[in-house]
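The first chain written gets the first letter, and so on, giving A, B and C; residue counts start at 1 in each chain.
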Amino acid sequence: MTLLRVEGLAKSFKGLRAVDDVNFEVAEGAILGVIGPNGAGKTTMFNLVAGAIRPDAGRVYLAGRDITGHPPHRISAAGMTRTFQLMRPFYSMTVLENVTVAVLAGGAARRTARTAAAEVVERVGLGRWRDAPTEGLPTAALKRLELARALASRPRVLLLDEVLAGLVPAERAPVMDLLEELRTEQGVTLVFVEHIMAAVMRLSDSVLVLDLGRVLTSGAPEEVTRDPRVIEAYLGEDPNAET
Amino acid sequence: MTQTPDRAHAVAGNGGGVVSGDLDDELEPGGEPAPRAPLLRRVPWLRVAIVVGLVVAGIALAYLRSGSGVVVMQAVATGVLIGGVYGLVAMGLTLIFGVLDIVNFAHGSFLALALFLTFWLVNGHGVHPYLALAVSVPAMFLLGMLVQRGVLSGAMGKPLENQLLITLGLSLIIENALLLFFGANPRSVALPGDRGVPILGAVADLSRVLAFVGALLLAGLLFLLLQRTRLGTAIRAVAANDVGAQLAGIDTRLIYAVTFAIGTACAGAAGTLVAPLVTIEPTTGALFNIIAFVVVVLGGMGNVVGALLGGLIVGLAEQLGGLYLPGQSPLLSVFIVFVLVLFLRPQGLFRRAA
Amino acid sequence: MTTTTTREPAAGRVLPRQPWNRHLIAIGILGAVLVPLPLLLPPAQSAVAVRVLIFALMSIGWNIMSGFGGMFSFGHAAYFGIGAYVSAWLLVERGVSPWLGMAAGMLVAAGFATLIGFLALRYRLRGAYFALATFAFAEMLRLWAINSDLVNRAVGYHVPLRPESSWWYLQFEPGSANYFWIALALTVAAMAASVLFLRSRAGQFSKAARDDEDAAAAIGIPVMRYKLYTMALSAAVTSVAGAFYVQYFLFVDPDLAFGSSVSIQAILPAVIGGVATVWGPVIGAAVLGPLNDITATILRNPPPALEFLQGRGGLDVVVYGALLILIVLLLPQGIYGALRGRWSRR
């Protein structure tokens, strides 16, 4: 069943078409990787889907409901939550408090929120940082916190914006494991923008390639990376580079 | 809260500064803030024309409301004349905001200090009111320099609230020190040979006309300083991008101090120029402070030319407002204009919407 | 290598205790300890104590919006003044009990705050722009009050004196300890309200929105709604200070109610005591309140070198200003914030 459907999404800034007629669908429980060279419009597309900016044209459907142009908090309430590429913790709070707020925002009762939050914190492997203030946490922990906070609001679709960027290779594997677990154990649908090809290849059921704001191609990861157009779009930027 | 991009980026986050929401900013929300717009920019003629149109409509409406051409002309003359002085005060304030990112609540009290300095020179030592400029301007320049180096430099780069609170503390100290030493009795300074001068069917005091002329001259000098001198270039560079300016070899700490001093000197000059026009009390500065803020927002925070034009508009709004809302304080109409501009055009009247 | 290896059993570790109950108990103890104060102090000092409490009440309100909510208000005079004027108007013009007037003032202040807040947030004012807008609204109220027949123009209101003391009309003989006890009860209630607010969903969401608005919205928090709640609560608390002020000093006019110095008085205690802390406003008020009295004493009988200052006013505010600058430069967390920081580092 299609959980997320995007039709003809478009957005221009000062006449420049950042996103132009983008269409895709994601089935429930599937993982879609979004790739493309720098400036391809990935982040803009992401912001359009998450409601951070309003599209000029096109529609976004979540579980059949039209959520185009809804504000982010309503999209999150409808079951789709995003993370931020640059980590944005609630800096005055500890890790647990950050996640507790998200659990509360998901509608949980105050009595049970902290226990539920503690479980999420453990689940993403942040246990040892649980009661630490977010100030001064290492990047790897902050990335996991982004993930924990998004998970705590119990989304059906998780939009991940470069959740692996800034991590050293040794830190990536556990996060990838976690993402796979989320899908297999909880049936969370994932859409993730990623530069790191190894992760895209490993996690994605299908891949969407954007270039100059348009969908260049989409399909299974192996097909897509062999596509000469994709290689050309990445010319000078090796698509398999571990950046 | 629906986040439409134009508004979303019209007002920047913590710094409160207006940024132009350019492409990078849109593509990467939460990324690096866009560099601030330059202090002096090309004149957007269309926008100026619209504003002039609005002003003319305002005058016409005032005529319909009051039914007397003389009354309206008098209001227009008074408004424009005092508006020039407002412009000068606001130029200093907006310069400080543009370069140092400080919302300076002490600006009005510097003006009050200059008022009392002028009073002391004129009534205590028999100095001609306009000769007092030769003392008040350098004195306020020096004071501004000291204040910036001594107090404000410690809070550079700190959250907006810190700087706001420090300047608030400064204004409390200055205003109440004046109260302490001079008492609350209103004082005045007389201009020798002051008389009414006919202007376009209205009459204005000579002191008012001279204050206007003086303010325009000083504003012109400031503009030339910013536009034509090396110092001005350095100031503009720091305003546009302080890190870049530092990399280019500009001593930004010096520029901060000098800019704050120039801004304060503007308040000082305005204080001396208006001394013959106003009742001199410790609280007089607060009134000018309020108006200067309105003017600065109107002209666009950090826009020096906008401040001068904004000053004229506020001067007019104050006088014409008295005709629209008889019985109400003229300041009320100033605030109404202020709030409308804050809501509808927070980037100022003369800048393109982001 | 999987995440499971890094997991620790959730049940094995106790969740950290939350500070709310400790705060509430401490507030209760503080209130109880202060009850006998007016019986111990000479009458002049009791008046200072009442002023401290009024300061505290104003600033507790300001702190909710500007500290916990992160929306810097430079116009809390609006809410103080609304509290003062609504209760004074109801009492003088309609004979309504000040207690009801206080409740009405809270409602009106909360409504006005919601209106201002909606406009300011709708048009996305932040930082300096937001502060200036709040300032402008307070000034507009002041200018309106000065020129409006509805509220007696610049004259303001005198509270009619009653022949005997009355709890219902909140009036006692001058210097009565009842004033102190009422102010104390109101302050304790306001502090408790700010703790309960922080503990609540609304408080948690407001703090999250203060820290990062977009991130808060992204996890499903309707930021605008909770910011408005926060402003409304903040305004209501500060309005109580205004209503009490009128009953205590028996007089109010537009400058006393809506003047910009009132807004500053709401800011100072919190900044000096510690912004965004439960205890900051009270500590700051306890520091600032007596200053006025001390400087007045100095100026009444100045030392020989300062003889020319005799009978002059303004010294207290000069000291406030200097203190404000010193605190911001040296203790940006405020007194309580600095103490707490030192404590927790140990």
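Definition applied: contacts are C-beta pairs under 8 Å (C-beta built on N, C-alpha and C of every residue); 3 or more make two chains touch, one makes a residue touch a chain.
Worth saying up front: this structure is predicted, and the values here are computed from it rather than measured.
Of all chain pairs, the one joined by the greatest number of contacting C-beta pairs is B-C.
A centroid comparison over C-alpha atoms places A as the chain most distant from subunit B. Subunit C has its Cα centroid 42 Å from the Cα centroid of subunit A. Look at where the CA atoms of subunit A average out and do the same for subunit B: the two points lie 47 Å apart. Separating the CA-averaged centres of subunit B and subunit C is a span of 31 Å. With touch defined as above, residues shared between interfaces to two or more other chains in subunit A number as follows: 52, 71-73, 84, 88.
In subunit B, the positions touching at least two other chains are 1, 8, 29-30.
Residues of subunit C in contact with at least two other chains: 214, 217, 222-223.
Partner subunit C is touched in their complex by these residues of subunit B: 1, 7-8, 10-16, 29-30, 97, 103, 151, 154-155, 158, 160-162, 164-166, 168-173, 175-181, 183-184, 282, 286, 290, 293, 297, 301, 327-329, 331-332, 335-336, 338-339, 342-344, 346. Chain contact summary for the complex, subunit C toward subunit A: residues 1-3, 6-8, 10, 13, 15-16, 199-201, 204-205, 207-208, 210-212, 214-223, 276. Put simply, subunit A touches subunit C in their complex at residues 50, 52, 71-74, 76-77, 81-84, 88-94, 96, 100-102, 104-106, 110, 114-115, 118-119, 122-125, 127-128, 130-131, 149-150, 152-153, 173-174, 177-178, 181.
Residues of subunit C that touch subunit B in their complex: 72, 74, 119, 121-133, 136-137, 139-140, 143-144, 146-147, 214, 217, 222-224, 260, 264, 267, 271, 275, 309, 312-318, 320-325, 328-329, 332.
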